[in-house]
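Chain IDs A, B and C follow the sequence of writing; residue 1 opens each chain.
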Amino acid sequence: MSENSNITELKNVLEVALLTSHAPLSLDDMLRLFAEKMERATLRMLLDELKQDWAERTMELVQVASGYRFQARDEYAVFLARLNPERQAKYSRAVMETLAIIAYRQPVTRGDIEEIRGVAVNPNVIRQLQERDWIDVIGQREVPGRPSLYGTTKHFLDDLNIRSLSELPPMEDFTQQEISI
Amino acid sequence: MSENSNITELKNVLEVALLTSHAPLSLDDMLRLFAEKMERATLRMLLDELKQDWAERTMELVQVASGYRFQARDEYAVFLARLNPERQAKYSRAVMETLAIIAYRQPVTRGDIEEIRGVAVNPNVIRQLQERDWIDVIGQREVPGRPSLYGTTKHFLDDLNIRSLSELPPMEDFTQQEISI
Amino acid sequence: MIETPLHAKIKGEEFTELPKDLYIPPDALEVYLESFEGPLDLLLYLIRKHNLDILDIPMADLTRQYMQYVEKMRAIKLELAGDYLLMSAMLIEIKSRMLLPKPVEADDESDPRAELVRRLMEYEAIKLAAQRLDEMPKVGDGLFVASAYYQHISQVKPPEVSLDDLTEAWRNVLKRASHFKHHKIGRSELSVREHMSIILRRLKDDRLLEFTQLFDVKNDGIPKLVVCFLAILELCREGLLRITQQQAFSTIYVQIASEASA
């Protein structure tokens, strides 16, 4: 075996060990991989080369407190996070009704929502909908306190798979009936 | 982004996910990685390419019962075994024979196992196999006492690196075998 | 006892004579006693050790050997004896049934050894299968799977909301609103409301727009232009817009009321 192919083979063993290990490998761990005695300097050189070999690839060889490990580059975290999403419970009734009021009655202030629902609106409810990027502030009403006016976003339409608010089921006819009872 | 770099990027995401996952990834798992909808045929094509990309490398992309995973090529096992010289304690013969009966004769009750082995089954044996997630209760036999029926799990197939029970070594006939004691 | 010719196999060769050393001193076996998995395992050991033909087991010899080991085991491991004694009884029963005269038309099925042979063969097949399973490389034992590290960021999957959920919520709102007499829910076109939001958004970005800039005459049809105009009027009525014109027929400007007063 030539010197070069030998180095490749040694790096391969290190690569396999690091890719399959559940925990970082210390230099001592890695020295145990090889039957023949290896200098720590040689091992460090091999690890440097291995790091270079992966420089343009998906994983990076990093050194942490307890040793070396391969880890996914940061840019992939967003993909990996999708593998095991924690599903959040359903929205509360307050959130859904607030959303409905904003969708059907925009632009509305918090005061409008409270008037329609007959109860105070928890700021947390508005925040949840804003964080979801379903509603945002589109202006202020020119009354004392200049309350924010809320409207729904394009993202809201996208998530509900409709192109315009006019595609929301018309509810006014139904309303008239209900109210007349 | 050109078509080609896009394919490379998709394969990179798959590679990262498969190299960092602690369990095999099913096609459905992998489809979740991508925000945009992907056809299963496309995913299979990407996996094929990824397998080819790694054909000359240290790990191989294999398909087991519950999905795909990267694993070290056989030739590296001898090196990796040196990492943890205190080998995992072997299972007792009672455990392995019980496992073999469940694997080859499932679904079976504890009574069936005792009949074949000619001795009482220690509950501890069943528990060990259940804790390893190699067997589980898959029903009850409709006889007095409604004894549990045991079968092997997907995880058992995964751990043995096979996709189905049909890939287990075939049972040998007694008389054809020369047995060294 | 019916003497049957012995068919023993040793390394593939047939032997028709009993080996001279059929008897193994129990002392030599002491080391194995622990490793027997039960009476079937012990019987198989004896059969293999003495190269007996499983299809034609010499019951007398086998039973005698077996009893010797069971005695030995009883001496050192009493709690094991139960299963083994049961087997002793079975062996003796088979042996005694074989002493009875054979019916002339006897087929293989009537061989008193048949059931024992079936069980021995079944057990040996399982024993071999267990050895094979044991030898297979397994994850955690000779098989190494990828397990590299990644930075876990937890992504909470937000609740799904459908159009039905939304309209259901709106229906509830309306039902409840009907209880408040003072509140009146007027009939207005949803698309007017949507345009009110669209216009406010544009003015938030552009501050001051010419009235005509709010209309896309080229692309929008008449109904949409009308809706847009109604939206401007509604915004004006609600005091959200300020519309200015310096003199007759000059450019009309539209801006958010608060921006104008500031």
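In this section, contacts are C-beta pairs under 8 Å (C-beta built on N, C-alpha and C of every residue); 3 or more make two chains touch, one makes a residue touch a chain.
Note that the coordinates shown come from a computational prediction; the quantities given were computed from them, not determined experimentally.
Engineer: Of the chains present, which has its C-alpha mean closest to the combined C-alpha mean?
Structural biologist: It is chain C that sits nearest the middle.
Engineer: Return the chain whose centre of C-alpha atoms lies at maximal distance from the corresponding centre of subunit C.
Structural biologist: Measuring from the centre of subunit C, the most distant chain centre belongs to A.
Engineer: Provide the C-alpha centroid distance between subunit A and subunit B, rounded to the nearest whole angstrom.
Structural biologist: The answer is 31 Å.
Engineer: Counting only Cα atoms for the centres, state how far subunit A is from subunit C in Å.
Structural biologist: 27
Engineer: What's the distance between the Cα centroids of subunit B and subunit C, rounded to whole Å?
Structural biologist: Each chain's C-alpha centroid was found; their separation is 11 Å.
Engineer: Show the residues in subunit C shared as contacts by 2 or more other chains, in ascending order.
Structural biologist: 144-150, in rising order.
Engineer: Subunit A: which residues touch two or more other chains?
Structural biologist: In subunit A, residues 16, 19-21, 59, 70-72, 76, 80, 82, 85 touch at least two other chains, as defined above.
Engineer: Per the contact definition, I'd like the list of subunit B residues that touch subunit A in the complex.
Structural biologist: Contact set of subunit B toward subunit A: 12-13, 15-17, 19-21, 25, 29, 32-35, 58-59, 70-73, 76, 79-80, 82-83, 85.
Engineer: Once bound in the complex, which stretches of subunit B touch subunit C?
Structural biologist: That would be residues 16, 18-22, 59, 69-72, 74, 76-77, 80-81, 87-88, 90-91, 93-94, 96-97, 99-101, 103-105, 116-120, 158-161, 168-169, 171-175, 177-179, 181 of subunit B.
Engineer: In the complex formed with subunit B, which residues of subunit C make contact?
Structural biologist: Of all residues in subunit C, those touching subunit B are 9, 11-12, 35, 37-41, 45, 48-49, 54-55, 83, 87, 119-134, 136-150.
Engineer: Mind pulling up the subunit C residues that touch subunit A in the complex?
Structural biologist: 144-159, 161-163, 165-180, 183, 185, 187-191, 193-194, 196-197, 200-201, 203-204, 238-240, 256-258, 261
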